[in-house]
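A single structure is presented below for examination.
As written, the chain order gives the labels A, B, C and D, with residue 1 at the start of each chain.
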Amino acid sequence: MANFKGHALPGTFFFLFGFWWSMKYPLRHRWKKRQHGTRQSLPVFFNRIDLIEGSLKIFFAFVGIMAEQFVPDGPHAHLLNDEGWVKLMNWQHSTMYLFFGISGIADVLSVSSLSVPVGLDRLALSLALFIEGFLFYFHVHNRPALDQHIHSLLLVAVFGGAASTMLEAFLRDNNLLEVFRSSLAILQGTWFYQIGIVLYPLNGKEWNQEDHGNIMFITMCYCWHYAVALLIVGVNYSSVWWFTNRYGGKQRTDLEISLRKTNQSDSISQKALLQESDEE
Amino acid sequence: MANFKGHALPGTFFFLFGFWWSMKYPLRHRWKKRQHGTRQSLPVFFNRIDLIEGSLKIFFAFVGIMAEQFVPDGPHAHLLNDEGWVKLMNWQHSTMYLFFGISGIADVLSVSSLSVPVGLDRLALSLALFIEGFLFYFHVHNRPALDQHIHSLLLVAVFGGAASTMLEAFLRDNNLLEVFRSSLAILQGTWFYQIGIVLYPLNGKEWNQEDHGNIMFITMCYCWHYAVALLIVGVNYSSVWWFTNRYGGKQRTDLEISLRKTNQSDSISQKALLQESDEE
Amino acid sequence: MANFKGHALPGTFFFLFGFWWSMKYPLRHRWKKRQHGTRQSLPVFFNRIDLIEGSLKIFFAFVGIMAEQFVPDGPHAHLLNDEGWVKLMNWQHSTMYLFFGISGIADVLSVSSLSVPVGLDRLALSLALFIEGFLFYFHVHNRPALDQHIHSLLLVAVFGGAASTMLEAFLRDNNLLEVFRSSLAILQGTWFYQIGIVLYPLNGKEWNQEDHGNIMFITMCYCWHYAVALLIVGVNYSSVWWFTNRYGGKQRTDLEISLRKTNQSDSISQKALLQESDEE
Amino acid sequence: MANFKGHALPGTFFFLFGFWWSMKYPLRHRWKKRQHGTRQSLPVFFNRIDLIEGSLKIFFAFVGIMAEQFVPDGPHAHLLNDEGWVKLMNWQHSTMYLFFGISGIADVLSVSSLSVPVGLDRLALSLALFIEGFLFYFHVHNRPALDQHIHSLLLVAVFGGAASTMLEAFLRDNNLLEVFRSSLAILQGTWFYQIGIVLYPLNGKEWNQEDHGNIMFITMCYCWHYAVALLIVGVNYSSVWWFTNRYGGKQRTDLEISLRKTNQSDSISQKALLQESDEE
């Protein structure tokens, strides 16, 4: 899939997941603060969302593997023929999808009623990102300087995401890490597009692969992509906040009124609430 | 031991230990949840198992050192002769076994009644893995490209295992880390076999050591090995879960009945139990 | 800005921020210990200081970006002309300032009444430092040995600061980490001056860029800079301590007297106080 | 000090400190368990020991700096003369001693009644080790292969010690980390001797600097040194344990008797004690 589309496709997926996460996690965080409770107080609604997310990951991974294998110029599930290895690139991409599929299975298991270790979903996602980076690392060998550099930059987002997601397996429900992961996923998504645009320019004008200026620009451009990713995450976070305040506000007021009524008797829970709003 | 057998032997050990761990830790975890207690509530049975495991490690390490030294073409405990160093490879393997033996001693001490620092067993295992990786790292110098690459890939599992086991020294009894370690041990085991097969092919047909396609395939193959390792760990985990539910089920039901009886008086312990099942 | 002034300017900023932090954090720490309370007991005064600090960061970042763009030999907001990329160095510096500006925005949001994730301010500062190091890393390619070495040394302070600030996002209000960050900021500040002095000597006598002795001296000199930074931080810490004891002392004595009075009734809070002073 | 003595001297210091720590920390740990209390229950005795230790570090660092400067072939506090830099090696060693001196000052401040941040002593020691490794890293450039390798191996102990000591700044009073640090200090000590023996052989027979066998042996030899370091730490730990049980035993029995007497009334503290002995 060495063309623009081949980079736009995974880019779209990473972008959409990052965008979706940057709304899901703040929303869940708000909900939990409202209920000032533990994980158990999350409505079935959120569990169902995680289930759908996991299922989608499995589905897309499966479709991705099939597509890589059975596109007209794919290996059609042949690994070795008389001339040697068959279409190793497609096999490598299939392997990457496989691990994202495993991550999807871990997501589904984690929200099911089965007894899996706490944090399995994040560990599996971290492994999927690590495997992606691991394969990309050896992928870019023996290529022109710019091609190699632009793929190496991707690894910063990939390994950064793997490390931060690994941390999430131990620091559960840390809103900051979840938002950070969202931003790195968006970065990956937009950077895949950038790679496609640079290596397979739409206007047909090839970039000079050895020009030092190009490499310097691309490095800086990567930072701009991240600034945009942070902006998107920030806007989504604020929207969720504004939205929950606007349409969830009535509920809060009711709560406050009822608290005022029970002012004398129930001072402990009020303190807990105050502490909560101070933490905000 | 530069032959197929020389790689199959350590591979078998790592595989067996990984396989065994992937059953022991979930079983112990289940047991502890049942007893909803602390470490003290673990039966003597589990302590005895750890004792046997440690003793086996010491025994195998000792046998390994002896074998490396006194095989017909071994150094027979001579380090230096008139021509220089004698069979440094065998000495290096002996050194690796030595540290796994030390790890076995730490295991035995940790379950004994002596007062050793908490986490000593995991630190010692982490050190043994680090020393293994450390010696392998300088081991593979000056070899053909494929040979070097296939050994370097091993280091990912070795150093990954060292890091994750080091973490276990501080995050005690973290089920996720224990399962992760099991999977990395299985990966090491099967990869030792793969190294043996590639470098000393059973059908006698040598692999091209410099072909880039071979290196790309081997990198991907490594990921497949890990996918298989995850599958094995997952199947063992599920089996333990199913088995303990099937044959340990009666006990649970009894517990639930007795809880229902004491419904009014003993609401606190019930809450603890509920919380527990929610965590599952 | 490849001249002495171009290095002195950022150096001054880093030095001033480090110097300021090395007074602010001990002061805040002292205050909190006095009130032996949680974060909520901090007076509005400290929040206002953080707000001003954040606003200054935004302001200086904006001024910095404008200056880099519209100095006489700047790119004047042109990125590409007929000859290729325009003044990429200035664009890179603008990008660095941009992320420090984002860090300023995060500071302001964190002290506002809005609900941002806990630790956002530190994560944003960590990212700003990471981006600075990231751009510098590719910045110094293809330069003479001494130039490259002296910039690489800067990266130790930059990435060290990024890592330690990232840690602060999770270990909130850890006085040791805050002091450590102050010392690294001062180191960066003075080292920028050193770079300016070495590469653009005021007396006009150029340093030999390839002399191994120069490189050895510069490495050692870097350690001396850090020793001085530690000294400055230590002096500031002691001054704050002495100052708060001297002028905040009356308050303490009053407290002690009132405690002695309530000796019989209020033994618990006294214990808490004792524990506190033991910790000192 | 490029001779055997110049390596034996720092080696002796590191060995002695490691040996001393491997007795001090287990002893303190035992004491604290006995008193089943917090840090405050440590007798003044231990504070005094830390004070002496810190003072010794300052004294030796001062002596070391003076010696490096004013040995007959030293720089005599001249940094620059007409021919260029003067004796940079001696200046580098002085710099290393300086930071160990700073670590000594931090030790003294930490046990004094002044209010320094918790963990400052460990952070300062970690920095001293980091600076040592940092200077060594650029120290070994442009040397023969064996010389470079044998010094690089030292860095594993140095940076390992820096990382583990940094961890101690946050995981206070972790017995495992303290024992680990002791073992790494002993390793450094004995390895300095090994470097001296290899580079300046006592029997005058030079080692072949380029022989791959020598490099392989040295790598393995390093692991043996660590095995010996672990043995020393283990023997010291056991000795302290045996000694405190033998001569501190009477006290324990008294405690147990008095507990039995207060069996009915004081069940909570007994539970705490039981929990404690189970943890052992």
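Rule of thumb we're sticking to: a residue touches a chain if its C-beta (ideal position, glycine included) is under 8 Å from a C-beta of that chain, and two chains touch if they have at least 3 such contacts.
A quick note: this is a predicted structure, and the numbers were derived from the prediction, not measured.
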Shared interface numbering between subunit C and subunit A [over half = same, under half = different]: different
Farthest-lying chain, centroid of Cα atoms versus that of subunit A: D
Rigid-body rotation angle, subunit B and subunit A, from Cα fit (steps of 5°): 90
Rounded Å distance between subunit C and subunit D, as computed from the means of their C-alpha atoms: 31
Gap in Å, rounded to a whole number, between the CA centres of subunit C and subunit B: 43
Residues of subunit B whose C-beta touches two or more other chains: none
Set of all touching chain pairs, with the criterion as stated earlier: A-B, A-C, B-D, C-D
Interfacial residue positions of subunit D with respect to subunit B in the complex: 29-30, 33, 156, 171, 174-176, 179-180, 211-217, 219-220, 223-224, 226-227, 230, 237, 241, 275, 278-280
Touching residues on subunit B, where the partner in the complex is subunit D: 39-40, 84-85, 88, 91-92, 95, 98-99, 102, 113-120, 123, 127, 131, 134-135, 138, 141-142, 169-170
